[in-house]
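One chain, chain A, links the two complexes that follow: it is found with chain B in the first and with chain C in the second.
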Partner chain A sequence: MSETYLTTSNLLGLAGDLLTAGTQVIAPAQDAEPLVGPPQSGPRVAYRVIRKPEEMALEAGMPANSLKEFFLPSTEPLLKWRYQKNDVELKEVETTFQPRVVLGARPCDSAALEILDRVMGWDYRDELWFGRREATTVVNLACPGEDDLCFCTTVGSGPDSVRGADMLLVPSGDGYFVEVLTPKGEALVTAHRERFSQVEKGRAEAEQFRKEAKAKVDRNLNASPERIAGWLAGHFEHPFWDKLALQCHGCGACAAVCPTCHCFDIVDEPEGVLGGTRRRNWDTCQTSKFTVHASGHNPRTNQNVRFRQRIMHKFFIYPERFEQVLCTGCGRCARVCPGGMDLLDVLAELEELAGTEATPSKGAA
Partner chain B sequence: MNIYQPHLARVEELVEETPDTRTLRLTFKDPRVAEQFTFKAGQFAEYSVFGAGECTFCIASPPTRRDYVECSFKTVGKVTTALRGVNVGDTIGLRGPYGNWFPLDQMSGKNVVFIAGGIGLAPVRCVIWNVLDEREKYKDVTIIYGARSVSDLVYKRELEQWAGRSDVKLWQTVDPGGETPEWKGEIGFVPTIVEKAAPSAKDTFAVVCGPPIMIKFTLPVLQKLGFPDENIYTTLENRMKCGLGKCGRCNIGPVYVCKDGPVFTAAQLKALPAEY
Partner chain C sequence: MQELQELAKKLLSEGRVQVVIGYEAGAHGVRPAFVTDAADCGRLIFDPRCVHNLAVYLSPRRSPVKRLGKPAVVVKGCDAKAVAGLLRESQIKRDDVVLIGVRCSGVLADPRSGATLTGETVADKCILCDLHEPTLVDHLVGELRPPLPDMPRVSRRDLMLERISAMSPAERWAFWQAEFSRCTRCYACRQTCPLCFCEQCVADKSQPQWLETSPHPRGNLAWHVIRAMHLAGRCVDCGECERACPAEIPLGLLYRKVAQIVEARFKHRPTEDPEVPSPIGKYSLDDEQEFIL
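And now, the complex of A and B:
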């Protein structure tokens, strides 16, 4: 929509203004060393609700968590019940939320929001998701692309992608070149006019930053999601799957850190004898309990087929249904896996298979 | 109301169908919901026992009877055990209807063969009563129903009603060894009885529900009788949570059973990976 410039000190000032006005600010922040437990190898950066502008750690590397938990919390109430003799009283949950701003979102994390809007909005609209989406202004910070487990450029995003964002900051000089992208972004600039420069500047430097970042990420993986989806469509059964998950423990850590994994469980938690809370909790297709029937029958009998589901859902089912790959290339799954499963390797192998076996063998159509 | 919020319903009647299977008749507490709630034969709902959780079953009563909805379930897991404990007058939750339905419009003017095994009669019963309540729209109606034993037959009163109707051909069977001295029906597995009944495939739709093993051996019999896969309908019951196409649990290949199903043709099933 429009461009402007924001100095580093004015970005801090903007965070301060928002906090003073009572707006919730979510930003990458550095965690203190834990009081108990083993010492950490380095500072842990994570998105969290900040209390002071100085807590922001915008250039301290990839946040350990994604933004998912701020839109689809790991656990959240869906309703409360209370028995009164034969009757039950239900209490609905709020679906409107206080305005808040994400400062310094990674483009791979904002892209996930846009991707998940599809599944959350088709046919039945998930008001808890969209209530939070509408209340939130997302300010992206272009990523330098310095991590060798990132592959955003392969899956339709990029280190300067604006998918799901209302505003984009690109490092340039002692500040940021600013692209204002949506009416929500405009509203933020208008409300804090004095923080933004009146004239556009720093464009050339920002261009250079974007170009270099993209070139760095491009080196990490060479694969085509379209070609892979075409291969997956015809290869539900294939020897490739049979050895895939030998390293996989089925712990689901990949799904927890994934910005796009959105599967959930619905569970009743009694509180006392008469009442309780029905909650929605994150769940993952990597556990055997995910699909087991009450009868004991389980359509997914082993870890290989459960890992196949993870790949199929992200690179075939979701694109087939919602025209987007269910992956933003953030690389977190590969970083956290205790078994060393590496999605980049899997995709590179699939790319190779797709190149050598163009015609479907057997399995799903 | 958000999409996960159930309606409250009162248990009006309960029928003990077999030692482990029960039918509940429910009415909505809110008269506006009762007025507005409509569904089609084959759709399912999420039933809540608050404190135990939610559970997915088809609506077992026909849409032609609007004063109540019924569900039939076998006591197997946590929620069905809790449902086993409810009494007349108790309140449970219900949200729905969800999913697709049997194509009664296409079946109109044609013959219909219903084939069910065990508790699989529940979704079929919904369609049977829908058809019988509008009997003039359909040609021959054949029902083939079997269970492991006489005591495992569900909807016994209704089986008597159907047996007594001249416009319904009813075949009842129990597995060998499941008969009693008084048993007058067939003895044999459902696919065998389908072969014996040999319904004509001409202008005929088949609705088949039951345990996977029954479906597996019934489909080839229907094919031998000349039924094209497109005219054979069945339902899939994958584990579900949301019923709304969000929670990701019921995927079979690219299919969301809760949205694209639960009703599928045999032709559609054959195109799916065998992960159900």
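And now, the complex of A and C:
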């Protein structure tokens, strides 16, 4: 929509203005100090609700968590129940939320919001998800390319992608070249007009930043999600899967840090004798318990088929239904995996298989 | 390295094992490797990036690994203690596995790191290491490098424990509440633990349900305290849970504290001798009983 410029000090000022006005601000921030890790590993950087502008750490590296937890918390109440004589009183939770702003979202995290809107609004409208989406203005910060595990450019995003964002900041000089993308973004600029430059500047430097970041990420992986989806369609059974996940521990670390993994479990937790809370909690297809039937039967018998499910859902099933890959290329799964499972390797191998084998017609699975 | 590769090749080609579980260099750091073909043994490496405890792959619940056949597994001293734990608790039989011991002077905290091994970059578990040459093994390879000149005298974990011990109960409560608040119950701590081998974890049981699965303060406190208790006298301090935790919760502090209590009370420290029973697995008339009301 429109373009403007924001100096670094005005970004801090903007965060301060928002906080003073009572708006919740979510931003990458640093913990005080590392507790037990090797000293060189440095403090943990994570998105969190900040209380002071100085807590923002926009250039301290990729946040360890994704933005997902601010829209789909790892646990949240859905309703409360209480027995009343011969009746049960149900109390639903609020689905409207106070306005809030994310400052300095990574493009791989905002893209996930747009991708997940599709499933969250598909067979029923998830009021909690959309309540939070509507209350939130997302300001992206273009990414320089974190490391050799980034592959956003392979999966339809990029280090300066605006998917799911209301505004994009691109480092330029002593501040940021700003693209205002949506009415929510316009509203933020209008409400804080004095923080933004009246003249458009910094475009050339921003262009250079974007070009360099893209080139850096492009080097990491050469694969085509379309070709891979085509191969996956016809190869539910294939020797490739049989040894795929030998080193996988079957934990949910990858899903926990994944911006797009969104499966949840619903539990009823009694609180005292007469009442309780129904909650939804993050779940993951990587645990053996995920598919256990009430009878005790488990159709996914081992970790190889569970990991196949992870790949199938992200690169075949979701794109088939929603025309988007369920992955933003952030690389977090490979960074955290204690068993060294490496999604970039898996995709590179699938690309090779897809290139060398003729693809049978769909439905062969 | 060549010694390790030659040995693996011999074991596989003579049919003494069907898979060698070791380490290989991937595109993005070192990772566990499962070599089933003698011709592939050149993949195997051992260097300071080999931090993973491969004993976890011997657990009976690893069905895809089990299906490969009899394993040989590369073990450092700390890993050998975990194998001893599996033997002690009757999870595996000694004859069902070939143990390839590697002499180890310390590993890096991060297998993706390209750093040189120094007192700054070394994994915390190595600061406390008392077993550079495992003895519970069938073969021993590699060379022991001289100790790091700048190896810290006290582990960072013990320094942190001292700080926590000095806190008031309220401060300590606040500390752990803040740390546990990041837990999403992904169970990476449990899944990477070679001694968390239960077919049915107490956390997964729903009839009866012993603890809440929700990652709220109540559920997380219950989970982490239960796990610490279940590891009392059993944890070999390999540090895998802490390395695996995507929320960077300093879990090792809990288990180390419990280990200190067990050592003080029962004079027990987990070793690589499977014949020494853990305190939970034996009864002695000399056991302290003053806590029994």
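Convention: the second predicted complex is superposed on the first by the 352 of 365 C-alpha atoms of A that agree within 3 Å, B and C clash if a C-alpha of one lies under 4 Å from a C-alpha of the other, contacts with A are read in each partner's own complex, and residues count from 1 in each chain.
What we mean here is this: contacts are C-beta pairs under 8 Å (C-beta built on N, C-alpha and C of every residue); 3 or more make two chains touch, one makes a residue touch a chain.
Remember, predicted model here, so these are calculated numbers, not experimental data.
**Q** Here chain A is shared; do chain B and chain C fit on it together or clash?
**A** On the superposed model, which is not a single observed complex, chain B and chain C fit side by side.
**Q** Angle at the Cα centre of chain A spanned by the Cα centres of chain C and chain B: state it in steps of 10 degrees.
**A** 90
**Q** Give one of first, second, both or neither to describe whether A:79 is in contact with chain B, with chain C, with both, or with none.
**A** A:79 sits against chain B, while chain C stays out of touch.
**Q** Check whether A:342 is in contact with chain B, with chain C, with both or with neither, and answer first, second, both or neither.
**A** second
**Q** Classify the contacts of A:199 with the two partner chains as first (chain B alone), second (chain C alone), both, or neither.
**A** Neither partner.
**Q** With both complexes superposed on chain A, which partner does A:148 reach: first (chain B), second (chain C), both or neither?
**A** The answer is second: A:148 touches chain C but not chain B.
**Q** Let me test your reading of the model: by the given contact rule, A:267 touches which partner, first (chain B), second (chain C), both or neither?
**A** both
**Q** Which partner does A:300 reach: the first (chain B), the second (chain C), both, or neither?
**A** It touches chain B, and chain C stays clear.
**Q** Determine the nearest approach in Å between the Cα atoms of chain B and those of chain C after overlaying the two structures.
**A** Distance of closest C-alpha approach: 6 Å.
**Q** Does any part of chain A touch chain B in one structure and chain C in the other, and if so which residues?
**A** Touching chain B in the first complex and chain C in the second, residues 265, 267 of chain A appear in both lists.
**Q** Quick check: in the complex, which residue numbers of chain A touch chain C?
**A** For chain A paired with chain C, touching residues are 35-41, 44, 64-65, 69, 74-75, 148-149, 242-243, 245-247, 249-253, 255-257, 265, 267, 269, 279, 281-282, 284, 287, 289, 301-304, 334-336, 338-342, 344-345.
**Q** Within their complex, state which residues of chain C touch chain A.
**A** 26-34, 52, 56-57, 62-65, 68, 109-112, 115, 120-124, 156-157, 160, 184-188, 190-192, 204, 212-216, 219, 240, 242-248, 250, 252-253
**Q** Touching residues of chain B toward chain A in the complex: what are they?
**A** The touching residues are 1-6, 8, 10, 48, 50-54, 76-78, 80, 89-91, 93, 237-239, 241-242, 244-249, 251-254, 256, 259, 271-273, 275-276.
**Q** Provide the residue numbers of chain A that touch chain B in the complex, in ascending order.
**A** 78-79, 81, 83, 86-88, 90, 92-93, 95, 119-120, 122-128, 236-237, 262-268, 270, 276, 278, 280, 283, 285, 290-295, 299-300, 305, 309, 312-313, 316-317, 320-321, 363-365
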